[in-house]
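Here come two complexes built around chain A, the first alongside chain B, the second alongside chain C.
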Partner chain A sequence: MVKKILMAKPGLDGHWRGAMVVSAALRDAGLEVIYLGNQNPEAIVHSAFQEDVEAIGLSILSAGHIDLIEQVVDCMRKKGMEDVILVVGGTIPGEDIPRLKEMGVDAVFPPGSKIERILEYFKQARKRSDEPTAGG
Partner chain B sequence: MARQAKATELAGKLLEGSELALARLISLIENDSASMSDVLPIIQHSLGRAHCIGFTGPPGAGKSSLVNHVTRLLREKGKRVGIIAVDPSSPFSGGALLGDRIRMQAHSLDPGVFIRSMATRDSYGGLSRATGHVIKLMDAFGMDYVLVETVGVGQVELDVMNTTDTVVVILVPEGGDSVQLMKAGLMEIGDIFVVNKSDRPGAEEIALQLQVILQMNARYAQNTPPILLTQSIDGLGVDKLVDALRDHRKGLNGAVLEARRKERRKKEFEETLAAVLIREWRRLLEADPGIREKLALVLEGSTDPYSVIEEMFPGGIIRQNQE
Partner chain C sequence: MRIQGKEITTSSGIPVKNTYAQEDISGLDLTRDIGLPGEPPYLRGIYPNMYRGRMWTIRQFSGYATPEETNERFKYEYEMGGTGFSIAFDAVTENGLDPDDEGAEADVGRGGVNVCTLKDMETMFKDLPIDKISTAVIASPFSACPLSAMYFALAENRGIRLRELDGTTQNDILLFTACCHIPATIPPRHLIDLCVDLVEWSAQNAPKWHPVSFASYNYRENGLNAYQEVALLFANAIEYIEKELKRNRLHIEQFAPVLSFHMAAHNDILEEVAKFRAARRMWYRIMKERYGVSDPRAQVFRFHVQTSGSTHTYQQPLNNIVRIAYQVLAAALGGAQSIHANSFDEAICLPTELSVLISMRTQQICQYESGVTVTADPLGGSYYVEWLTGEIERRAWEYMARVEAAGGLVKALESGWIHREFFRAMADYQKEIQEGTRKVVGVNCYEMEEEPYQFPVFRPNRGSAAIQKAKLARIRLERDNEEVEKCIREVRGATERGENVMPSVIKAVKAYASLGEICDVWRDMYGLWEVPILKIE
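So, the complex of A and B:
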């Protein structure tokens, strides 16, 4: 189960309710949520690096998701953060989802996604190879 | 013993300046503070260089924004800054929303700044239990300053006093009348007091009242701490705060600073002792059915803890090693 996640809105996206609703639900499910608000991709990834989170959640409603996620994935690769879960929510058209997954996104939650499904995802999700408890 | 090997390896890399090692070590210590026993011997000699400053005050007083401005001024002087921003965990779910970093975005890509958010988890003193350890990690990493921002405190969450070198208490003009200021607790722990949001009405008055009240306190009999007016929206007055921080650090001459750090080490020792005791107790509990039966009496409420402890350990729990 994911315990610590960073939530952010890349770019100049002014919408905040979706990110807040999901952040509050994750908090109530027992996760520690670092809420970053608006930031550019590089700063999002660098913050996630310092916070040593297991997952990054992005909320995008600006239609710029392909470009923005490309930049986020690129920054993550440069920092050696391939083992961090990357999740995207917002107005993502269905036909873009396969491409996003191919780019390295682990899960996409388009409009209409149930909160329960998102919580269930984080309960099951486990990607980090070096959990602190492993072998200890 | 994979955990031990990992902690040792990370501690070595920390001293070489690896940011990744710092990030990972903080997680390791946060999840299992016993790992610090593997890290401390390696970093012990690199400790005590950073000036550690606590920022405390009620929720919404502007702690994060002030930390942001102080960081900006310290960076202009070329100092490296570590920031620990603590926010509360839910007593119900254990979850937390950590929102301090959002006020410090100006520094998010600055290689001379390392910001870490921490939830209080099972602690109620305004800091997370691991905070003291994380300060040491940032100190060993080579930070000149470690700024610790507590959760928004009320009147009794005073851990910060025993964890940092300099305590800044941040108040706002709406903080209440002079009776509020006279209450024990928060008003006694500050080395520097700040009235933030000083553009609002009542700021000068509260600063004046504060001065009168601090002068009545025996703790401040020798010298009244500085009381500064700031506006963290535009950084007004923060330069004076940075000067006051420097002056306080200078005033902490060898003897005073060492006394303060000694007091802190004593508290750390006692906390470690308590943790070790509880760990051994749990081991005993698992191994000994007789002990479990006695504990059951306490759990069902039919016996009080003191009587059971007395019965189980008639000679006291800690016995000295006799030659």
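So, the complex of A and C:
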């Protein structure tokens, strides 16, 4: 079960509605949420490392998800953070989801995802080192 | 509509009765409060003959990857019957950064087109008749002066007189500090000076140019309801007006006619029509009663409408075609001057040629087949619509008073008041969907386990960053760098002296100074702004 998560928007795109609505719902459900806003991938991973979170949530609506996630995953690997859960929300075409999972994303929540489903995911999610996780 | 217990309300939560009748509009003076199209208070439209005289402009917001690729898309839209252009820039450009900026790469050419020099602007409009068809430069206030200057320089180089140049710059401070933040911008209290510089300069030098289009579209997309949308729209316009008046350089009649507006068309058709009508009457009252303006060109509320992207669903996305068509209908019934119909795939990707074609055809079908354009303000006199128009106006004045009590728009922005209002609104909206009081087909009702069909997904050119970086590097080699440095110093000098920055910015872009080089002047002078979104909790 995830208790502490860092939410961020990698890159320069500023559409914050999705990230904030999900952050608020997670907080209302009792999770500790650190909302970072816009940051570059290195700064996001650095903060996640410092804060010792169990999960990172990224919101991307700029169509740059493949490159941005590649950078985030790369930074996480360098910091030895393979055990931190990585979830992504935003305008992600369905056909990209398998590729993102191959890259190391644990779950993708596109627009219209039910908040209850996101919460349910974090309840059952475990760090990858413990056991593999399923999910959206 | 929303259903909460026994109460049925509009999408914005205004309680609605089963029937409306004469008694609901008995307080209205039919001449003073309603009148005729083309006559004060312009409630029924800004022209006597409305769409018989001139159809609304079909202006699709477009842009992706490089200026070369966006030029192709503009040509396609022009060939398909588009009657206006509207540039969607990428986040790098909106932030006033160059494509070679550290950390910009992943965003170059993604959410829009990358533009960093006059050369890019020239490429984007190659072989397009910008003397006959107007363009909306959807630039943030931070990049608005340089990007507009590039467009002006492009026009002048083609022999078009600026006094004849028709078009718009977005230049809305609230949109880019509270709706889609640009993280690399300066604080609003300084940013507003750049906004107003463009207004002031255009009013004097390019009177057909609309140097600002107040974009309540985006406030609505951030969760606000219909009357809050109108209220913030005018609170923002008043902030610009007050700022310019304090400078004591222009009289209000000299610049009010160039102000323009960009509203949302959301799902609730009749509420949206009432909103557009209310906005026209309110603007007339603001101009006449608050500022004593008698020039009808300033009293009329000219607006562009964009159908509401936030109402799209990722699930069963072809349903969005229907939503978009209803929203275009609302804009047409509401008397819009120009419309962007979104594309059905925008919850998933940037629009493909196919989805843009359907959006344009949606507008053309509404124009020529639906019959709603044959008479001005066809819903005028409807008990329900007239009552709701009044109700939206009343609630909007109240909400405007709250913004003024929060210190006016810029203060409310810097203190985080506006961000908190947005946050509350978006959280409430989400809750309504979760609880089912707001129905969204395909999301909380009529859901399907498997998506019922496939459709093509747009892929932006992943090579955009490399292409744009190489072009900029070549320009830096070929241009007269001493001249560029001199121009940049002049921009700084003008800013420091509190002069209008536009003459020096135009000179700089003509010398092929880049967008990032010009915006760095202001970042260096004022520092970056920390968005108060982090202080919301």
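The criterion applied here is as follows: the second predicted complex is superposed on the first by the 127 of 136 C-alpha atoms of A that agree within 3 Å, B and C clash if a C-alpha of one lies under 4 Å from a C-alpha of the other, contacts with A are read in each partner's own complex, and residues count from 1 in each chain.
Note that in this section a contact is a pair of C-beta atoms (placed from the backbone, for glycine too) under 8 Å apart; a residue touches a chain by one contact, two chains touch by 3 or more.
Since we're looking at a predicted model, the values are computed, not measured.
**Q** For A:Arg17 in the superposed arrangement: first (chain B), second (chain C), both or neither?
**A** second
**Q** Check the residue A:Pro98 against both partner chains and state whether it touches chain B (first), chain C (second), both, or neither.
**A** Once the two structures are laid over each other on A, A:Pro98 reaches no partner at all.
**Q** Does chain B (first) or chain C (second) touch A:Tyr35, or do both, or does neither?
**A** After superposition on chain A, A:Tyr35 lies in contact with both partners, chain B and chain C.
**Q** Of the partners chain B and chain C, which touch A:Gln50 in the superposed model: first, second, both, neither?
**A** A:Gln50: touches chain B, not chain C.
**Q** Counting contacts the way the document defines them, which residues of chain A are shared by the two interfaces, the one with chain B and the one with chain C?
**A** 24, 27, 35-37
**Q** List the residues on chain A that touch chain C in their complex, please.
**A** Residues in contact with chain C: 10-17, 20-21, 24-25, 27, 35-38, 40, 61-64, 66-68, 71, 91-95, 110-112, 114-116.
**Q** Would you mind writing out the residues of chain A in touch with chain B in their complex?
**A** 4, 23-24, 26-37, 39, 42-43, 46-47, 49-52, 80, 130, 132-136
**Q** Quick one: in the complex, what on chain B touches chain A?
**A** Answer in residue numbers: 2-3, 6, 19-20, 23-24, 26-28, 31-32, 89-90, 93-99, 101-102, 105, 108-109, 114-117, 119.
**Q** Going by the contact rule set out above, which residues of chain C touch chain A in the complex?
**A** Interface residues on chain C, with respect to chain A: 90-92, 94-95, 97, 103-107, 110-111, 176, 179-184, 221-223, 310, 312-315, 346-350, 423, 426-427, 430, 434, 440, 442-444, 451, 457, 460, 462, 531, 533-534, 536-537.
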